[in-house]
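First chain A sits with chain B, and in the next complex the same chain sits with chain C.
The block that comes next holds the complex of A and B.
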């Protein structure tokens, strides 16, 4: 029987600079069995089988949790709001709007400036003409990194954090996974070099030490959803350190926690996702020898100005997969040949929308028109509780000068700064509505887009 | 001999024109816009009519057809050339019918090899071609004049790539109204950049976006106004690549899609000829030779055109007014004769 030839589109983000690419199965012949993983990664009961608990049971659970949290709170005296009992869906959640989407409000900007001054972190200034629809967002230039305004040696910020901030702002470390992992490694270094000052508790002081670092990184480049979740996790772990632990013990414990977090949520999750994804690729033979690779083709769709697809292309070609490469404007030409579309995600929002690299929603839209299934691969640690319906209110504006291109020695937009009515818009993210996405492949299994809040709730209950 | 000189001159002009057409095949678009190509074609056909030796209407049509076949073979994707040839053929038929004093329909079976009214026929045909040339001169202005009927103040308009017709359209509206234009840059040739610079020089608020952001910003767009390379016989478009995505995004957000296309772009072709529809240019534009080590192992495509089905289009604005896509077939029957559709 001839194996059916199946073709994909892999979009650039799902094969970004993360240490484990989510779509490529390991080139070793047999996929890694997930059962060998530590028990934590065994999937929580899938949302469908969990029996609904009664109101009273839920209330009792909540009360017990609040008691436990209050007890630990007395021990650690942490002022962080993260130790509050996880709110049930019915309690109104008062969320403070993050500063980076309120740039057009002068009061907020002043408040931020004061906070940064207190933490001795320089304030980054906006660059270039901002399109009026996006006046509430920051727009920075890559040519003016924040680190230029820091004194050397920096007394406030740990050097590995400075290096990390520079890597973020210059685009050396890109991609949701890569940024989170780099962040966690930098934090490990910080913890290693940390010494508790006298008369201070490690749990509270370390958290306070991390705050200016996070502000600094935020100034270099706005934090991603995965980074936000990682930071929440670390802060929680730090504040849960019992006070009787000696410093060395505490530090080793934190380091193992971080290692375990990376291992479970990034490395093993990637393997789990690829195992599920392989099932969706119909190949009659299970053992993926080199010969069988050539039986499916991958089409990589890329877009200006970042052109991240080229990196993905290189990796695929190295593994011997036959590839095709097009720009996103040629999508309608290439889609009739495609049988499945695989996309990566930056974050999955609580209302089922997929936040990903700009262009993802376009691919999903055109694929739906041609009746091609769209599958999104995303680890669960990227799920976040935000909701968003369009790509305007919360986005990131990249350096507008990236849009300029020199063709035949002429740059059309060279003097765009001088022309008052001309603006360049370089968006980084966009949101895809859930009706365009057919399936989300996560480390917990294959779920529809609309099940994201269920997974979030289950995760919260576990914690 | 003056006759031989004129003939040589004519052949030279035709050869130069064909060379221009062949060279203009790179993706950045022809060296001249479609309007100029149409004018040049018509002028050449007028010269042929004036100078070539022919004794009957049938002879003339044969000569024109021969020249037309040569011209379309030089650059098949430049359909305005073929369209102008068909217009001239229709003119010849009409003038012949008029000079014989009978209506067009009864002449269907008559042979055109009659010698009657030869001299008047030549003069009439040349006069009619002159009228056609005047019409071609005024197309952009005619379209631009309708701008104020379609654009109101504080609108956000999206366009793709570079179209001289749309540029004139928007500039005309900007004289009286204030609105915002978003231009999709249309990689890999980025003609959108030139369009944006031209529009901003006319003090129109312009924003350039990458192709990937089309769907992301579409929710704030009030109208999409695009140009096209060809209008096909079923009312669909053959437009620059990326237009289909824009059309789908506009349909998803229920945004009207307006196509500004002069009548000389209307072609009797249908879109179902798969192998002749698409045109490809050098993949160097997409994946440059600097990526040498993977270049040999990868297929790279760089199509120039996109097909947009007529269901996605709201309105055609041409020099004769506004039309729905379902009416295009009727306009075509008025412009071209069905027997001429295959050159």
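The block that comes next holds the complex of A and C.
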């Protein structure tokens, strides 16, 4: 039986929030998300021009440069500092915020533009008026996909990656699992078509080849936590290829690694989760001819603009389960009839917060008020080391034009661009505190929300 | 096979009789160790299967959560060693040694818990406790031995009025004690400084399963902002995750005799209830003083 998951999507139209002081100052010590692309604070080596320096040498050079910069900066503003502490104590290694949450800082945007130029990837421009609370995030339009600005055939980016990027930005491939699996399949294709250039080592060169692809995909649509973990895994596998492996051997090994990763973390995990979840669905069982039937009813809660719940509804009805379909505005009306709430998750953060489709925290909150247990189903590969306490700091803004709806021939809001003070906000994710979640069902078993760091630790030990 | 069951049960009952102060789980583990010694199995797998079967038999005799959790932990502990020896008898010997080590560890657990907990009882404290728990008794004995003066309120704890036994035991060590009705918990709480209860089982969420009436007491102490402490040995940690009262499996809710004789359980009154972790302040175990969220961490370490 498939795990029963509710899909929720943002329905935010126009938020009339006063600009609160919750906008993150740029220097706050937020731990850097460990997902693939944004961790490049150094220039990526331009393809095949320079002789390949070893990674240690590059790092040492970078360090020396940073120290020199810091030392010169220290001297220039020494008048303001009272005590002359040595530079290394005054400047602990500041973890940089990822650029995708600093869009309103022009210096960061310039830095990103330079990096993309070096990698020969077009920069995607923002679209439409952004609500001030979220002005630090990107907001793209679906009508202007990044691929329009690429030359065909693109010499830098592999065609399967171009296709994948288009599928992401047009919303053809949606959902955390689907995106990760598609990404891994595209990488398999890339590896198949890859040939090691002369005087290069596969382990290092392939990783460097993947960097512009990841930047490109990030431009098409910001990477999800699961994709970040998958990319980390692949990079680790590639760099661990022993140097004596021939190219064919290495490529086959990588393909098998990817297949195994998908099998273990997505396919088998889903089976394990459904096995545990079934124990929690314990109502009157009705013996029906030769099979035991668990008699229960499912209420699918859905919300605009994505209406992803319809797909779940279709699958449940095909299985013969009696279902009810409501929109999220009817939540408090139906909750008294509900015995348990099952939610899916996009990612689980290290402080126990659940990041999921917008609307999830609303459901968890109302369910808590009605004393209905809330269960979150999430595979362990979606656990990430990030910490987040609110939905503003790091989120995704979808195309605001999605909120326009045409009914009976009339489209409200179709001239929203003309109204200068009007902003449309189409949030994708929100963050639910662990107090509202009773249980998390993972492929390792049932754990409380606060035990996410334990699982991360156990997984790190295994590796 | 039937006479084997009888022998097992008889041994278990004798253990319980000879030392009434021993936890039922400890008696069960002693029985399992003896079973292991006398077992004439030919394979390790067969040995494990028969140990599991023996645990199930004992759970049918005494349906408390601790017996089942203790049995499972015992099995895991003895198999958590390299059993790569060629000779079956040598493997068995290793397992027996591990079993004895386990037994020794857990017989010291109550003392460890008492040592940790008695410091939380200040001089002049008024303590509320529920029903009769040997661990709580040990804690209070230790506090009294440290020359602390305190008074205790015990709930009568129907239907077996176990609270009265607790009161007798406390009077024997000259602790002033008052027995109150189960319904008087809310009334008494304003006079009380802290609440200490034992547990029959500690579940994965950090909540506890204990004699019925504990949940009520926890809710009232939360309303009065009084600390609610739980004392439990680590072999009571069990891999259950109840979401509410109904989610606790029937085999733990009722006494073993009731489960065997009565067919329709809806007329029977459950003997235990589930207290969620949000109402518990701290848990004192032989693994240390834990917050409810740390219990899952410890469980993962114990079971994985």
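As a working rule, the second predicted complex is superposed on the first by the 356 of 463 C-alpha atoms of A that agree within 3 Å, B and C clash if a C-alpha of one lies under 4 Å from a C-alpha of the other, contacts with A are read in each partner's own complex, and residues count from 1 in each chain.
Methods note: contacts are C-beta pairs under 8 Å (C-beta built on N, C-alpha and C of every residue); 3 or more make two chains touch, one makes a residue touch a chain.
This one's a predicted model, so the numbers in the text were calculated from it and none came from an experiment.
*Asks:* Report clash or fit for the pair chain B and chain C bound to chain A in the combined superposed model.
*Replies:* After superposition on chain A, which the two structures share, chain B sits beside chain C with no clash.
*Asks:* Taking the superposition as given, does A:451 touch the first partner, chain B, the second, chain C, both, or neither?
*Replies:* A:451: touches chain C, not chain B.
*Asks:* For A:365, select first, second, both or neither according to whether it touches chain B, chain C, the two together, or no partner.
*Replies:* first
*Asks:* Go through the superposed model and pick first if A:421 touches only chain B, second if only chain C, both, or neither.
*Replies:* first
*Asks:* Please work out whether A:413 is in contact with chain B alone, chain C alone, both, or neither, and reply first, second, both or neither.
*Replies:* After superposition on chain A, A:413 lies in contact with chain B alone.
*Asks:* Go through the superposed model and pick first if A:340 touches only chain B, second if only chain C, both, or neither.
*Replies:* Once the two structures are laid over each other on A, A:340 reaches chain C alone.
*Asks:* Looking at the overlay, does A:392 come into contact with chain B only (first), chain C only (second), both, or neither?
*Replies:* A:392 contacts chain B only, not chain C.
*Asks:* Comparing chain B against chain C, which has contacts with more of the residues in chain A?
*Replies:* The larger set of chain A residues in touch belongs to B.
*Asks:* To be precise, I mean the smallest distance between any C-alpha of chain B and any C-alpha of chain C in the superposed model; what is it in Å?
*Replies:* 17
*Asks:* Provide the residue numbers of chain C that touch chain A in the complex, in ascending order.
*Replies:* It comes out as residues 204-206, 239, 241, 243-244, 247, 277, 293, 296-297, 300, 304.
*Asks:* What residues on chain B touch chain A, complex-wise?
*Replies:* 185-190, 193-194, 196-197, 200-201, 203-217, 219-220, 241-242, 244-245, 248-249, 252, 278, 286-287, 291, 294, 297-303, 306-307
*Asks:* Where on chain A does chain B make contact in their complex?
*Replies:* It comes out as residues 131, 133, 303-305, 310, 313-314, 317, 322-334, 357-359, 361-362, 365-366, 369, 390-392, 403, 405, 407, 412-413, 416, 419, 421-427, 430-431.
*Asks:* Touching residues of chain A toward chain C in the complex: what are they?
*Replies:* For chain A paired with chain C, touching residues are 280, 282, 340, 373, 375, 438-439, 445-448, 450-451, 454-455, 458.
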